[in-house]
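Across the two complexes that follow, chain A remains constant while its partner is chain B and subsequently chain C.
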Partner chain A sequence: MINFAFLNNNLLKRNAKASGVFLCLIVLSSCGKPSQDLTSEYLNKLNKTYPSQSGGTLIDAMIGEPSGLISMIAGESASSAISANIFNKLLKYDKNLDLEGELAESWQVSADQKTITFKLKPNLKWADGKPLTSADILWTWHAVIDEKTGSPYASDYQLVKKAEAPDPLTFSVTYQQAYAPALDSWSGLQILPKHLLEGQDLHTTAFAHNPVGSNYYKLDGWTHGENIKLSRNLSSVLGQAKIDHLVSRIIPDSSAQFLELMADNIDSMSLDPIKYARIIPSRPELQKKLALYKELGNGYTYLGFNLKHKPFDDVRVRKAINYAIDKQEIIDGVYLGLGINIASPYKPGTRWSNPNLKPYPYDPAKAKALLKEAGFTDNNGDGILERDGKPFSFEIITNQNKEREKSAVLIQRRLKEVGIDVKIRAIEWASFISRFIKTGDFDVVVLGWSLSLDPDQYSIWHSSQQAPGQFNFIGYNNPTVDKLLEQGRLELNPDKRMKIYHEFARVFLEDSPIVYLSAGYGLTAIHKRVKGIDNPAPPAGLGWNSYDWYIPEPLRRSETGRNEMSAN
Partner chain B sequence: MNKSLFKKVLANPLSKAGFIIIICVFLLAMLAPLITPYDPDDINVKVILLGPSWQHWMGTDGLGRDVLSRMLFGSRISLLVGLVAVGISTAIGILLGAIAGYYRGWVDTFIMRLVDVMLSIPSFFLILAVIAFLTPSIINVMIVIGLTSWMGVTRLVRAEFLSLTEREFVQASRTLGAKDARLIFTHLLPNSLTPIIVSSVLGVAGAVLMESGLSFLGLGVQAPQASWGNILTDGKDYIQFAWWLSLFPGLAILITVLGYNLLGEGLRDALDPRSGSSK
Partner chain C sequence: MLKYLIKRVLWMIPLLIGISLISFFIMHLAPGDITNNEASFNPKASEESRQKLRELYNLDKPVIVQYGLWMKRMTTLDFGTSFASHHKPVFWQTKDKDGNVTKGLIQEALPITLLINILGLIITLALAIPLGIVAARKYGLWQDKSITLFNFIGFSIPSFWLSLLLMYWLGVVNNWLPISGWHSINYDSLDTWSKIKDSISHLILPVLIPSVTGLAGITLFVKNGMLDVFHQDYITTARAKGLSEHKVVYTHALRNALLPLITIVGLSIPGLIGGSVIAETIFAIPGMGKLFYDAVMMRDFPLIMGILTIGSALTLIGNLVADIAYAWADPRVRRGVVKE
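And then the complex of A and B:
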């Protein structure tokens, strides 16, 4: 599932990357920093309304450093969060999640639903002044499907049988058969300049660290391990953004980020529930200068069974565990109420989410009955169930993510109550993926999916997607679901398509290959000096109009000092 | 002799303090199940991150568990890891040191170069690397710390053996036909115990710190089992807000390590005839 999104998406995403932690860093940065005096004069200034104006610098923080800014190669959120400001796509989602043209002025789908013809806006230009034409788009398509590129996003574009650029303003693609997520896929592909990249190896090109794009911003400087600076692209094809400079500081530890936020050295960061619901509300000086935003994310946390391992191949066992886990307790205790108990793998409230499905209730008695039916009994009286003389015991692995670790501890306790012995192991992200997920060497995972806006989940749940590195690593294989997922990709009528995905969610819930734990909220703090932010966030998310955010002149940081509020 | 040693140690106020600290920590660890007010793993999501109060003397953590109870049970882990790890390293150290010091020659050269190689690798990173390959667990942590910290003892034992083998009573014993084993176990080893004891006590302090560090990095004792390093990790995200989650385990580590160090120094002064300052 591609998660390209909007400007400043890195604010909104809780980066799964584990962080190296050094106590000394925390200690050093926590001492000797006098907190700013929030004079009433300054507060008045902060809370005034100002006309929209351009200029200023917005500083945010990111957990991980991008490996490069060609996102089709990097395939990571850290990269696409930055490159989305630099490159354009053919299409984009508007405020209400309807598709509109970005580089494309218009597009047409042929009567047989197999060909899409895009008409580009006239006079498009790269930041270096060269014209941006359909040849660039065709080249980008060739690049993404090229096996040498090895892009994780290739499969969407490989379905294109023929792509053509008959004239500089026209680009058309023809699919083997109708492909419903096609338009969504073109809202995800960042278009690269052919004239700078032709004949180069995308994996080694210097362009990845010195890109030339066409969007609101261009790269100004990149200090490895410290920050990435962007400045306004004066020849942007979409008009001008308000804020002059975007600085993304690389701060690999969220507590260090928070200290920087408190010290006013960054303007925004994504928060965990405890910071959002407990720490900031308990500190008036933070409440006064920070605005908090909450939006339901398009993703969820789940517990997934390795279906190739016994006894998780038995649906009764999976259901029993589902009944034995108290999801509300996890939402209340771990997410402090900032989550939703879900029953289908779609964002609640959207058309794709089946409103008739109910989550498995917490029912330990039913869980015990199902386990007994599956042949598990406690013969030796140690409180742990056995089958064929072997105790029912397994290990939950998760990455080093505080919420997931805590969820696992709560699950451990609930499962112990029905006679299942659970061990927990939290593993650093890179080895978590390479050693356990890719090799399938695990029993149960606690993980999350962040999803694209299209309901197609072929790449996650279709039985053909189980090769190492592919997303169906739990080994889910259900012919009915396979068929529904295939149909869903072919069906372009939104109502029929909705029915297909509602049915998919129903079968999927009944099968219980995963236990939905929570659909969490994205929580963000942004300094009040940043104006023009939509609150509450529209369906497209907080950052959808970030090019329109502005920082009024009296509230800007002074150019020299790092630590001044303003010259008040 | 034991009694006088004991008196000597207690005569020095610092080592007395160390001794008392260690005794207290051991008592608390052993009595943990009797004195903890709550089950250390008892989750209660209604009392998340409460500060110290009469109900929870050291507050509660991110899952509403009682920090005092977790601290007390965590002390068992820290002490166990310290003792077992040092037991392993001391056993290896004595064995290799004795072989090197007694037989000399190429065996000595080989072992001492091995020590040099091991010492040239920063031990914390070596341990990190090894643990990353294994499953993190208490047992692995104990073994790995033990296997990577025997070099100091080896050097000490070898040095003692080298000088002792030249002494008259050893020479006399050898002349009278004593076998290697008898020489080593009845003459050489008992006479080199002093530095071994001192370095072991100091080694426990190092091992306690090491375990806390590993658990802090998520490579040591695994959740939900409490250890001081674990509690400290949980606290680091909220260090400005939930100070009790960082302060108490930090203090516990500090005090315990200090206790071992004071006791170790006191023992050295008491046992070493050359440092004449102590009475």
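And then the complex of A and C:
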């Protein structure tokens, strides 16, 4: 008995990832005794409505620490999450994902669609009081395309043939030819202050850890490895945010984050499906004080075929596999129902997603018929189909991502039912990319795309983008799609552009070069003391109006103790 | 003695070069580099720009050339700057022309890890030595058995699991201790006394948990050492000449039984410097373990090499100190009676 326990523990010791599972056990098993005295008085206070008011501190947690706050070179999401509160862009997306001005008051596209002229809002200021003018924007453009900067996102801006700042309120860019994603690209470039950065090396400048911006917040303090504190920028160009201080704590382990959330030391964290759908609903005292939110991200998980390998060059085989996979089963089993089935590579509910397209249904009979048509039959009765004497067998590779691995297992089982033998291999990210994706040495991948809000997917699906390191690594080559993608890049009129991408998504679905598995929801828990959050989240996502969120005074955390609020 | 010392120190140089050579090549033979981490798999980031980045970091050159460049910098003790964290200096702080001081990554992480691990080691020793003595004196009796049982429970419990349990019980259910982190958020605004209290409360779990789980080995070591010594003739002599049991155990037996412990402590030095990835991740402590783990995941070569070089140098020094201490404590080694 003791021996058994010893072995068992050692097995677990090896796997730190199991900590999450253990947390669930702890949390579920102690349901009997509520951990905190949530008095009815406090709950009443929590559920009352309050007028919008400013003040207070919002504390959230993040897994990793930003390397710096100049997002054009930092590249990781932790960096842009913080720097988006500090810097402004020329344009931004509104609630319904239409573009509107942020620093720009208005913008105009010339008749030949090659020149865009931005008019800035008057009296813009940096947090240090210096004026923010078109010279700053011009300087930022020069910085992002500069070879020495080496920004990974330079390509969009390198297409600008000429950029000018004829007067302090005007900034204009001219492209070689019309470039539709241009507007989106100007909603992504954070404008940096020329007067502080001119002549500095962006890679080493102290500015990256002590930035001065123009947005709602300014940096208050950064304790390396521990937390980043922001406070309200009183000269913000967009008006005043409600919440005084934003604190982001760096807590790499999501179990520890969740304990901090339970103990009321942080106000919000992003959740995984288990916490969202199982743990929190099973604990009434958590449910009482936390509000759960879900929002669709702009990304999806897919199964992609290497179209240069036989038999995946045959559209019947690709369709057969598409029919044979039960996507709802993956959504229910892997994502606990927190995802949706999609039929186009765009976020459902947005303009670019074609509402007339339907995902391939789960239809094993049809899959079998298609495979037979393609010449696959089971001649030796072993349950696996053959063609030309060779069994239909392939390997699915994926990176070490639990959700993707589980999806692959479900796919393996469904494909076995139609007579396809599938093996699964999960590979560490760096070797996954350099050994398999770059060399094209794979049959089938399970991967995901996270996309920007512009519908242009030229770099992913155009046949010219297949060189090692480029993103069309599945080798998709369809002249119709190529043409549509080229057209879509040239058309700046949103309605005409929409028609192009609807047609692209239709041809693409018909061709089935990838199988859409699911678009997962982003899941967040936020303490109910934070008011003013839109639920359900609009297309632009939960955080679109975060500057309008507020924490009513009676609900604020006491500034002195760790978590006085929950102890009271 | 002096000759021995000089020989030992000189031997460290080829050892260090060998270590650096092996670790450099292993890291560069591993697939991938800083330009293809998961965050860079973004359709907006082009392959040309990644190639530019590789050139910027000299990653396009043959490995042997890169090693040469690294060695050249190392001769001036320049550990370079990290790829992945905005060119922060790897080892020690630098000052730019405007007087902005950027702290080194190791400079910030090493004291944290050392503090936790040295405190942990002290606590482990403070518990293990008395427990080992008691277990040896009461060998085979219930005291010995219960100490053994306690030790093996501690040894078998996965420390991350114990950590989470205690974090839940002490931090969430009872609100006695902070759950994670190194300081409270409002640390800067506290007075000195509160700052000390705050630091201690953040230290308790990360220090105690590894000490408890690491207790078993050292207790067993002390116990066996004591048992060996108890069977030696001089102890029988001491008892025969009528010394009190107290004096026999603590003056005569213990000193000899503890000698091997110096070796154990010497061997634990790499662990003291390296830190633990799991513990530092769970407790959100910015120490060496987490720093190294992240560096490996990001293929941040200068940082990896910096940590490995400084780590192995400190380890070699630690081993040297342990050997000297052994020689100091044991006259037989000092006089060359026993070959080390």
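The rule is simple: the second predicted complex is superposed on the first by the 435 of 568 C-alpha atoms of A that agree within 3 Å, B and C clash if a C-alpha of one lies under 4 Å from a C-alpha of the other, contacts with A are read in each partner's own complex, and residues count from 1 in each chain.
Here is the rule we use: a residue touches a chain if its C-beta (ideal position, glycine included) is under 8 Å from a C-beta of that chain, and two chains touch if they have at least 3 such contacts.
Computed from a predicted structure; not experimentally measured.
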{"item": "Winner by number of chain A residues touched, once chain B and chain C are compared", "value": "C"}
{"item": "First, second, both or neither for A:259, with chain B first and chain C second", "value": "both"}
{"item": "Partner chain in contact with A:209 - chain B first, chain C second, else both or neither", "value": "second"}
{"item": "First, second, both or neither for A:431, with chain B first and chain C second", "value": "both"}
{"item": "Partner chain in contact with A:378 - chain B first, chain C second, else both or neither", "value": "neither"}
{"item": "First, second, both or neither for A:443, with chain B first and chain C second", "value": "neither"}
{"item": "On chain A, positions contacted by chain B and by chain C", "value": "23, 26, 30, 255, 259, 262, 431"}
{"item": "Residues of chain C defined as touching chain A within the complex", "value": "30-33, 36-53, 56, 81, 84-87, 96, 98, 100, 102-103, 108-109, 152, 156-161, 164-165, 167-168, 171-173, 175, 178-186, 188, 277-278, 281-286, 290, 294, 299"}
{"item": "In the complex with chain A, residue positions of chain B that touch it", "value": "41, 43, 45, 48-49, 62-64, 132, 135-136, 216-218, 222-224, 232-233, 236-241"}
{"item": "For the chain A and chain B complex, residues of the former touching the latter", "value": "21, 23, 26, 30, 254-255, 258-259, 262, 272, 274, 278-279, 282-283, 329, 332-334, 336, 400, 402, 405-406, 408-410, 412-413, 423-426, 428, 431"}
{"item": "Footprint of chain C on chain A - complex, ascending", "value": "5-6, 9-10, 12-13, 16, 19, 22-23, 26-27, 30, 33, 35-36, 59, 64-65, 67-68, 70, 73-77, 147, 150-156, 188, 203-204, 206, 208-210, 221, 223-227, 229, 247, 249-253, 255-256, 259-260, 262-263, 265, 399, 429-431, 433-435, 449-452, 457, 459-460, 467-471, 559-560, 562-563, 566-567"}
